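Listed below are the structures to be examined.
Shared between the two complexes below is subunit A, which pairs with subunit B and subunit C, respectively.
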Partner chain A sequence: TCQRKYNFLMEEDEDVSFTQPSSSQLQRGLDRLTPAQVDRKVAEVVQFILIKDQKKVPIKRADIVKNVIKEYKNIYPEIIKRANMKFEKVFGFQLVEVDPKNHAYILVNKLEQNPRQPAVMSPGHPKTGLLFVILSVIFMKGGVVKEPVVWNTLKKLRVDQGEKHEEFGDVKKLVTEEFVRQRYLEYTRIPHTEPLEHEFRWGVRAEKEVDKMKMLEFVSQVHDQEPQTWTKQYKEAMAAKGGSSRS
Partner chain B sequence: MSETRRRTNRGPLENPEAQRNGVAGHSGDTGDEDEDAPRAAGSSGMTEEDDDDPAERRQLRHQYRELINSVQQNREDILSPTNNKLTEVLEEANRLFVNVRQTREAALDAQFLVLATDLGKEKANQLHADGSAFDPSAYAEHLLSFMGLNRLEEAEDSDEEGASSGYLPQDAWRKLAKRAENCFRTTPSFHFMLGSFLAEPPPPRQRVERQRRAPVKEAKRIMPTQLKKMEESHQEATEKEVERILGYLQSYHTDDPTSPISYYEFVTDPTSFSRTVENIFHVSFLIRDGMAKIYQDRDKLPCIGTKDMSSPVPEGEAEGSSSRQQCVISISPRSWKEIIEVFGIKEPMISAPNSATFAGSQ
Partner chain C sequence: MAVTLFDSHRRFLQTIMCNGIMEGSKAKAVHRHCCEVYHTPYTDDSLDEFIDLINSYLQPLFMQIRKGMSEDDGLQYYTLVNMAETDITRMSSDYADNELELFRKTMDLIVDSENGTASSTDVLNCADSLQTKKMKKKETEQVLSRLVQDKWLNEKHGEYTLSTRCIMEMEQYIRNIYQDLVKSCAICHNIAFQSQMCCNPSCGIKIHIPCAARYYKGRVDPRCPACSKFWPHEIPAIRTSSQVSTLSPPVASAISTSQSRRMR
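Right, the complex of A and B next:
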């Protein structure tokens, strides 16, 4: 019931009333407020986003406006811009819009991880392991896999979508709903299939968060091979590496 | 497409041309199935009845569905570059196809073909890739090793079919997760550095307390009931005895209202010292409760009588139950014997509880 309430809160309020203020409106809005007022609003938005980020579910603009920004709506773009600067300068994060239609954001870590000091405090949440397996299979198979591929692989690891798993519980729900909601995976229907079939792809969050080269290195390690063995994937990982080291 | 395949695979069979014509003819007409019979008769030796037998048709469709299911389930296996399963499966379908007569079955065959070509395409893709093809099954096996699978000791079972037996240790997934975390650039989640007050300790404490309380409670419960029982039985027995003795006293008195009853004669049981002591004990209750009283007769010997006895009030005794005097009576086996001798007590006035004889007159 708690989860349902949470879901309900997340789904409410369509962003209908929000219109982007023009630059002149924006400037007028800023002029009417003191810098201290604006700063405080920015800080509130930052804190709001940090807490919402705990669940790793994209944060909706509508929620931010309704709960934090409120009457400062007319200077919303400025607030978001400053909030993002704070994220980058203070935390090394980036606020990324993952849903241009519904306007939702996720927080992404821009910092390279120091292998000796893991950024995440928790001691290896099992879900991460499960997610990693699925993402790595998809990556190694070229970016798209049919649903049975994932389940067959997991079954070998003693994870069965039909049974309640000791650590993961309802695995099917976890994979096709939670991971999808968090934007780690995409679970799409294949048209014209009878009976209905689905495919898995990487979600936006996975694209932003996962270091492909590191993933390939681990996959190679368990195979006792060199990463270059998989030429196509290696090329892809190198390309991704080049791209992400822009900051 | 089925036609082409049939042509290539039916080579060794007789009358391939006739069969092709037969199918073409079949698709044209709308239902006279008898025409199909001659087509098949020559090559596979089947009779007309087989074509119409719905059980056979059903069986065939069932076999097709099973084949399709099996291919879907074992997709990964078939794709593995290490075996020829795809070819085997195609051959199986060819065998089934020999018996296809109706559109329904042919449709199933077509469905299977779609599946098989899809797999064929994937296998071909594997060949195209430079370097090794990625095999999820093998990957899974390697992961199991990484996670620390404890393989059970058993005979060599290393064909591709068999999954590794054994059990994963408790922390298997955590171990994998720790290693995998490196690859994620997740933002650390917001949490209170010093923790919040939703701390964990309380639940264990409660449990411990409950556990501790339970045994104590039970122990206590047992004790009182036992004691109570004992007490009750003790009390009951005593009360019963006391009442019984009162009964004796009253009956003696009614028999002979005038003569007083000597206390010693009353309580002493010449056959048993312990009975005597018990009698003294029980009589003391009567006196305590005011049901009987002890007084001294002319010879200063103690006598016992009931409360409502019309007895001569001896000197020194006060009327009314308000005055209570206590004394301690002690008796030893020696004095008991002396009493028996002196008073010449032959029989007990109070019989033992088990013998239900209600002694009448003394």
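Right, the complex of A and C next:
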């Protein structure tokens, strides 16, 4: 733990020394380099982020600067901007800052999804189905649910948090750790509860990747109703649609 | 880059990245599926064009979707390859220094061998003399298992070979490091590990096992294409994609072990 504290401090130090360049500093920095040099750096950042993103853990700005950007620090904002353009144009991803304080990013999938299949996960992997069920329960119940609600829902599908599941293994670990680490879910303590209780919300990756309208349409089909039956959720889905429309 | 990419291209690229490597018929199916889902015009034989367009956008990022033949089943596979570094960068983020050294030593053994394999016994012996940090038997076995899981190596009956993805991704690196020690297949001219070799000592050309299957099919008197000396090796059977899935493991291993037995 001592070592971890030290590493954390080191990284924070590195980031504290990183100050945002002014626009004139940025321009001067760009002028000093050839377009080929800048393009090369952008390519390296894209590759670095793609490799790191495979772990599905947010990528720290400090890591990007230390390992890739290096002496090009003064044009960092421009490099990140161009990297993001590449992500969107070539891969259909978006670089999203999830931790404004510590400056960490995730790559979010911007392609229009089949609601049953968030494409970031292995296509057709049963985990995506499980995640989808959990997300839809949370959504339909207004955006936050107490932990038991999730386990009860899964129990109906014969997925038990207590038992080792044939397909998912340790279900509790998958839902409360893996999905949370990947930012699909948020799992937070409810203060002043004895014994300690938790609640689930959508994580930032789910917010960015999952089309709420498509999810509502799917749920409506299951219940043989119109999406508008759920006025609150319908309004929320419409609002989400307006905010993230792609050209 | 006048022509723009569509979501179908992006989705195809994402799928290749997700899968690591994709067999040809699956790639065709994914291509069709992506075009259908994202309403892009599609024709049956346009996969190469489709990939060419994606590659034109990947090139400034020093990446390419490459097509290559598997030494194991002779089928075509597609994978995303890093063009910039000649070092094993993708692996560097997943493996510790001594694990990478073990991998390089395994590769040494494979390059050195006649038939492109390294026995687990030999790899374990290497683990004992690593310069970075020695590795015990149990740890070595775990690292090898991870390398197989991550699709860098294949394992069959205690023999390790380089995976298709590994060869495609690292061909440049391998040629730089090993130079004349690696040979190309006399038929398809790609780098060759699991192969048959001409018995004429002054010839010594190599032919991939699947390439030999195709080249010598039905020939009563097989000869070396370079020196015309009799080709003594067992002519392997050609596998098609439909066959590969139904080919039972004992038959497949019989083919490979018979090859290695003859080599000695």
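Miscellaneous remarks
Here is the rule we use: the second predicted complex is superposed on the first by the 209 of 247 C-alpha atoms of A that agree within 3 Å, B and C clash if a C-alpha of one lies under 4 Å from a C-alpha of the other, contacts with A are read in each partner's own complex, and residues count from 1 in each chain.
The criterion applied here is as follows: a contact is a pair of C-beta atoms (placed from the backbone, for glycine too) under 8 Å apart; a residue touches a chain by one contact, two chains touch by 3 or more.
The shown structure was predicted, so the numbers you read here are calculated from the model rather than taken from an experiment.
By the document's definition of touching, of the two partners only subunit B reaches A:Val149; subunit C does not. Looking at the shared chain after the overlay, A:Val46 reaches subunit C, while subunit B stays out of its contact range. By the touch criterion defined above, A:Phe218 reaches subunit B but does not reach subunit C.
More subunit A residues lie in contact with B than with the other chain of the pair subunit B and subunit C. Of the two partner chains, both subunit B and subunit C are touched by A:Leu111. In the superposition on chain A, A:Lys141 contacts subunit B only, with no contact to subunit C. By the touch criterion defined above, A:Lys89 lies against subunit C but remains apart from subunit B after alignment on the C-alpha atoms of chain A.
Touching of subunit A by both subunit B and subunit C, each in its own complex, is seen for residues 50-51, 91, 109, 111-112, 119-121, 123. Residue ranges on subunit A touching subunit B, taken from their complex, read 50-51, 53-54, 56, 91, 93, 107-113, 115, 118-121, 123-133, 136-137, 140-141, 148-149, 152-153, 156-158, 167, 208-211, 214-215, 218-219, 222-225, 228-233. Listing the residues of subunit A that touch subunit C in their complex gives 39, 42-44, 46-47, 50-52, 86, 89-92, 109, 111-112, 114, 119-123. Of all residues in subunit C, only 5, 7, 10-11, 13-15, 17-19, 37-38, 54, 57-58, 60-63, 82, 84, 89-90, 93 touch subunit A in the complex they form.
Those residues of subunit B lying in contact with subunit A across their complex are 72, 75-76, 129-132, 134, 136-147, 163, 168, 173-191.
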